[in-house]
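Two complexes come next, and they have one chain in common, chain A, joined by chain B in the first and chain C in the second.
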Partner chain A sequence: MTVIETVPADSEDTRGSSLPRYLALKAGGSLISLALVVVLGFFMFRIMPGDPAINMTRGRQVSPGEVERLRKEMGLDQPLLVQFWRFVRDLFTGDLGTSYVYRRPVTELIGDYVGPTLLLTGTAALISVALGLWLGQKAAWRRGSWFDKIHTGVALVFWSVPTFWLGLLLLLIFGGGLGWFPTGGMSTAASTDTGVAHVLDVAHHLVLPVTTMVAVIYAQYLMVMRASVLEEMSADYLTTARAKGLREDLVRTRHAVPNALLPTVTLIFLTLGLLIAGTVTVETVFSWPGLGYLTYKGLSAPDFPLVQGTFVVFSAAVIIMNFIADLLYRVLDPRLKAS
Partner chain B sequence: MITTSRSRLWRSLTGVATAALLSLAGATVSTPAHAADASKPIKVAMFNDVDTFNPFTAVLLQSTGINRYQYEALVGYGRNSEPDAGIADKWETSEDGKTWTFHIPGDRKWSDGKAITADDVAYTYTSIIETTALQAANGGLVTNIADVKATDPQTVVMTLKSAQAPNPGQEIPIVPKHIWDKEDAAKFAADKDVVGSGPFTITTFKTGQSVSLKANPNFWRGKPKVSGITYVAYKNSDAAVQALKSGEVDIADGLTPAQYDSLKGAKNITRHAGIGRRYQALAINPGAIDIDGKPMGDGNPALKDPIVRKAIFMAVDKKTLLDRVLQGLGDEGETEVPKSYANYFGFADGHEAVPFDLDAANKLLEDAGYKKGPDGIRKKEDGKPLRFRLMGRNTEPAHAQMADFLTSWFKDIGIGLDVSMVTPDKVNEDSTLGKYDLYFTGWSLGPDPDNQLAMNTCASRPNADGSGNTSENNWCSPEFDAAFKAQHAELDEAKRQELVKKAFSILYDAYVSDPIWYIKPLEAYRSDHFTGFGLQPEKGGVILNQNGYWGLYGAKPVSSDSSSDDGGLPGWVIPVGAIVVLAAIGGAVVASRRRSTGEDRE
Partner chain C sequence: MTTSGSAAIRARRRARFKEVVREIASHPSALIGAGLLLLIIVLALLAPLLMPMDRLDVTKVTARGNESPSGGHWLGTDPSGRDVLGLLLWGSRASLLVGFSATAMAMIIGTTLGMAAGHFTGIVRAVVLRIIDFFLVVPSLVLAIVLSAVLSRGLSTIIIAIGVTCWAHTARVVRAQTLTIETRPYIERSRALGAGDRHIIGKHVFPSVLPLVMANTTLVVGQAIILESTLAFLGLGDPTTFSWGSMLKTALDTGAATAGYWWFVLAPGIAIVIVVLCFTLVGRALEAILNPTLRAR
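Up next is the complex of A and B:
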């Protein structure tokens, strides 16, 4: 009888089990998910229409022999299972293959593009989490007030707005119209700035894409935090705190909010992974040199090694963040350790 | 007390913050736009991807376009796409057309100052001919070359397997042997401090962001008047239009008609619609046949009848399509050679365009026995109704718009249309396999029409599974093949021009491909920054995306007197200002809270 059969990975029991066992089960579950992603990614992209060799030579004078040579070079002349075996074998050595279009190792390409994506999503996540949580707990505490109504309403409106539309609108007003912010890229092209000047230049370029991302995503943190604080508001320990003579602000920040944060932390980490995968639109609107746009270009070839590579990275980000969320939940909630 | 002091603090903080933000907003802040300055490069909006700058392996349009500025071929393209001096200034052909001799003058130098010699040319050509890995970009151009020899430092002799009219010295970028033979040529990135022979050479390449080139002081035509070119990557053209307005880029192409229209009257921006080198056509399946002569695909058999195909030609009002769909930003189509190539443009003597005439089309079909049924669709007594599928690309709004017009005109002559807009890949696959009745096709042509003609020869038909060659129209005509061969081997340019027109006219008269228009590429540039762009063709041509380097090579900065630098604050002022203001507010709030919690503790 295997461990997995006796103790389901997602059962509450695992949270109450010993830490090494809990870690092993969670890590095992993550690895299985990752393996499924690898298999799914490989075959899913093979179903897409379009022959990479034909597409790459379209519009040029090439002989059928050259197309065949290209196909052989890409390994596309081999049966699908052989291609899959090679992909998996190389994956274990950290080799994601060579991009058909860019003719460079996929790991190298991802290395070039992952930094800007992390900078963009990291900044946006940080601001939206801080903003969402702060507004959420305030709104809950003043439930039914104008503050609550306005912030909840505004957040939901932004949540419903298409990202590309909002991005283009900001670009039109603050980029081309007022000229306050750059219309694209991560830094001024051909700039020789270094040090602080370069950092300021990048910060300047970050403003519009980060604002777009924050506007669209902070609502989810606001709503969860609001609901979570509302649940805590009727708890007895808050009455005790008030009875001790604490001001309302302190009752909220020292007692209600820490407890309300528990379910929110899980949500934050669950969404962080998805954020990285969801940057395609913002990166395209603001010409941000990140992984999202690289994936989009890979799909149009189709550049199998590239899209498989980015798919694995995106999926791994979600799986790892889920794993961290599980761990953090256990660390943050002492009741789980004690049980 | 606490409440009173906190609210006072908030009021004052809000006042300070508002004043600070208003003063920042009120200040004239400029983005990194630059006024005319000889030391500043021209900034070009770049929409497409770069695969590599290695001229042996670069295939994407953006890379090969930039490489045109870096490397001369033996023979270049003149202002009207005619063969012009490149690394060689003269060339002769033997009487049998198989031996070409190129002369390299002594003044040709690489950007690092070393002399360009025949050895560099022989090295480049021989590398491609002998090394499979170096054939990715230009392998197809050397298949007819038997041998390339440097007979002395200034002379290259090229021996061909058979005579050909297209100049074998064109299109292949010549690389410096003294740099490349030290590298693994197939893997050499060649994207930093490049040594080249063209007007500009790459200094840096930031993946996915920008490509910087500097002027080559040793360029044989003379050093460019601008210091360099910087290509700035944009992932969408709307952003590039905004960048043009704000002065972040100096020139952009690939604009849509709506974007082009939006720039009308914009300050310091000049719009330019040059003559294009791409045709848009309606292709008709004449009964696709594979390379072995067997039928392929599922085209409607009625389209095998040239009368039906001619009637379709007669029901396409090109002028209306041009005016209504393209807002007049193009030229009416004739043969598959765009107007950009004046030498080969137009019909041969004795051939002419089929006029738009719905009455005549009706009569033609009626006389041929296609009678209208109760549903208004014609059919022969023993045949299927004339209801055809029309396929277009869902990425091109013009296709759907054209389909609407065609549906209406075709209905008037008793032909039904089932329109489907699908992905470009689907169009490519189905058209190769002959699985269509009608579809929108289009190609960009190089200066020599040989390749475009070759695509319509019998030998270009694909295998039954779609592999092998690519045929544009899945059509085969011995008469056309003979015309193709005649022009291919004709070394007299004037005679060849007539033969080329003849071949394209034969293709037109087969009613398998009806060129609708030649779209004008839409460009716009900052007229307060740069001027003097060299057009190709010289009269009304384009600035970017040329067959040569004339566009940006001719550019020069506008004199500083007439330029308009607003002298505003640098662009980073706003974010820095905002951060400072927010930090001040944050600090004050934290301080206030500490004081209040301190009071609580007390």
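Up next is the complex of A and C:
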């Protein structure tokens, strides 16, 4: 859905710098971004028109006394900077406030819901990486062929499809229409299955959401892998490999592909974070009990402490993945290390 | 001297423009995309004539809910009996309006900050770069969700939420182009003649980044339309206007997908895909023409 760069966001010119300096720069940048997320996470929920205590209880019947108690509890009677300080202090102790709907600490809720999200995104990432890279290198190798045209065309179409609609479509065809797969949730309600039967049940529920995510993301890998292999194809070492008498298949798999993989490895980590953030729509469509669904619940309540908490978690996940991508980009490519 | 100089520049720009037009013509998919877009924009403008608003009034409709497509209702009806084709027509107005306005906002922010990051040095550059990096990294969907959740509901909120979150990529492209331009000798000459920041940016940098911004605009409009429909789908849209995203939200809420009301799920989605695909085709063609490094590939 979003445009993703092959090369991590790189504003400062770090090409010539040594590895420790590069690490320090990147780590510093990520820390500043994390700090900005915290600042935004706090102040965005304070720019809401009106009183946060009233906003947070919007749509619920509360007495004025209750609002007053809430204001005290939230520390709203304190100056803004004191409030911010408390927010940051609580954050470091893992306290993200209390959800209004669930009446439980947000951290605890996030802990409960993070598992399904990791299962969903992990599976989707593995499948789409394998599929995208394999199709990408094949498409590049046969550039201009029907295989190439069809697959880059399909990738372009998927790029234009809203994730949630694709989910609805799959739900319509395979859930409602053919009835092959369950239409929502993570396991059959009231089922007492354990062991293998439970795993199979979850896997059955996993098929449609994972397919949706794979369809949306694999195109990115395909396009980047294709471009990357195309760039390697004119390299001299491939001529050498051919001159040695290697079969075309071996030239591709042993020589061209490993080098072309370098830029895609960083891309994978860049997209992992986005994949996690993208669960908001997929999990909503399939009522998959993960962080995205939790966010949706928080939005429709509205339950602002919950939304605030998931915002911080999603953004932090993306920033950390980006940092890892930066590291790998530098560590994996010996040419960058040498310069 | 100056007049003949600027006339020469104008002639060169005109020649370059003709060249671009010729090259666009050599991309048939871009032409098809542009043609379709024009048609869709005309239909969106004509919506009040083609489908008067009161025919979509829930209290006045005569059709039953969730009717499948027929001669009377080409694309069937929604759960409250409104004509899906009519909703689609009216929905195109919101989608296009948000798409264009949010993109305009993103382009203004992106171009300004991108040129600033490329032109200035020292603390200004450091701060602007930091901001760009932050917005490149933070997922725009998540940020847009939070923004539209905390601001009051309405189309302008959606426009702001998308505009504020989708400019970083543009800023990055613009900055790279600014850096390239500023190494040219004529900038140095201009500086030696006493030109200030304002002159250099306004007269030299801005005209040269403009074509890139144009190509970027078409790509961002498509993404803004997807983002708009996503926000509306999550229930963050303007409750008083029809949009393709809000139609799909109704579809989800009423279980249209599981109940097999395919017309109500397919129609808005296909509309989004067609519009976004058209913008993408045009944008990619423009980018390929205007960006020499891509053209070489």
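Going forward, the second predicted complex is superposed on the first by the 282 of 339 C-alpha atoms of A that agree within 3 Å, B and C clash if a C-alpha of one lies under 4 Å from a C-alpha of the other, contacts with A are read in each partner's own complex, and residues count from 1 in each chain.
The rule we apply is simple: contacts are C-beta pairs under 8 Å (C-beta built on N, C-alpha and C of every residue); 3 or more make two chains touch, one makes a residue touch a chain.
This is a predicted model, so every value here is computed, not measured.
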In the superposed arrangement, which partner chain does A:297 touch: chain B (first), chain C (second), both, or neither? first
Looking at the overlay, what does A:286 touch: chain B (first), chain C (second), both, or neither? first
Per the contact definition in the header, classify A:273: touching chain B only (first), chain C only (second), both, or neither. second
Going by the contact rule set out at the top, does A:233 touch chain B (first), chain C (second), both, or neither? neither
Examine A:327 and indicate which partner it touches, taking first as chain B and second as chain C; both and neither are also allowed. neither
Partner chain(s) touched by A:127 [first = chain B, second = chain C, both, neither]: neither
Which superposed partner A:247 touches (first chain B, second chain C, both, neither): first
With both complexes superposed on chain A, which partner does A:182 reach: first (chain B), second (chain C), both or neither? first
Between chain B (first) and chain C (second), which does A:114 come into contact with in this model arrangement: first, second, both, or neither? neither
Across the two complexes, what residues of chain A are contacted by chain B and by chain C? 49, 168, 171-172, 175-177, 183, 284-285
Going by the contact rule set out above, which residues of chain A touch chain C in the complex? 1-3, 9, 11-12, 29, 32-33, 36-37, 40, 44-45, 47-49, 156-157, 159-165, 168-169, 171-172, 175-177, 183, 227, 230, 273-274, 277-278, 280-281, 284-285, 295-296, 299-300, 302, 304, 307-308, 311, 314-315, 318-319, 322
Taking the touch rule as given, give the residues of chain A at its contact with chain B in the complex, in rising order. 49-51, 54-64, 66-67, 69-70, 101-104, 109, 112-113, 116, 168, 171-172, 175-177, 179-191, 197, 200-201, 203-204, 207, 246-247, 250, 283-290, 293-294, 297
Under the definition above, what is the set of chain C residues touching chain A in their complex? 117, 129-130, 132-134, 136-143, 145-147, 149-152, 169, 172, 175, 219, 222-223, 226, 229-230, 233-236, 248, 251-252, 256-260, 262, 265-266, 268-269, 272-273, 276-277, 280-281, 297
Contact set on chain B toward chain A in their complex: 29-33, 41, 43, 49, 51-52, 57, 59-60, 132, 135-136, 139-141, 143, 206-210, 212, 228, 230-236, 238-243, 245-248, 423, 425-426, 428-429, 432, 443-444, 451, 454, 463, 467-470, 571-572, 574-576, 579, 597, 600
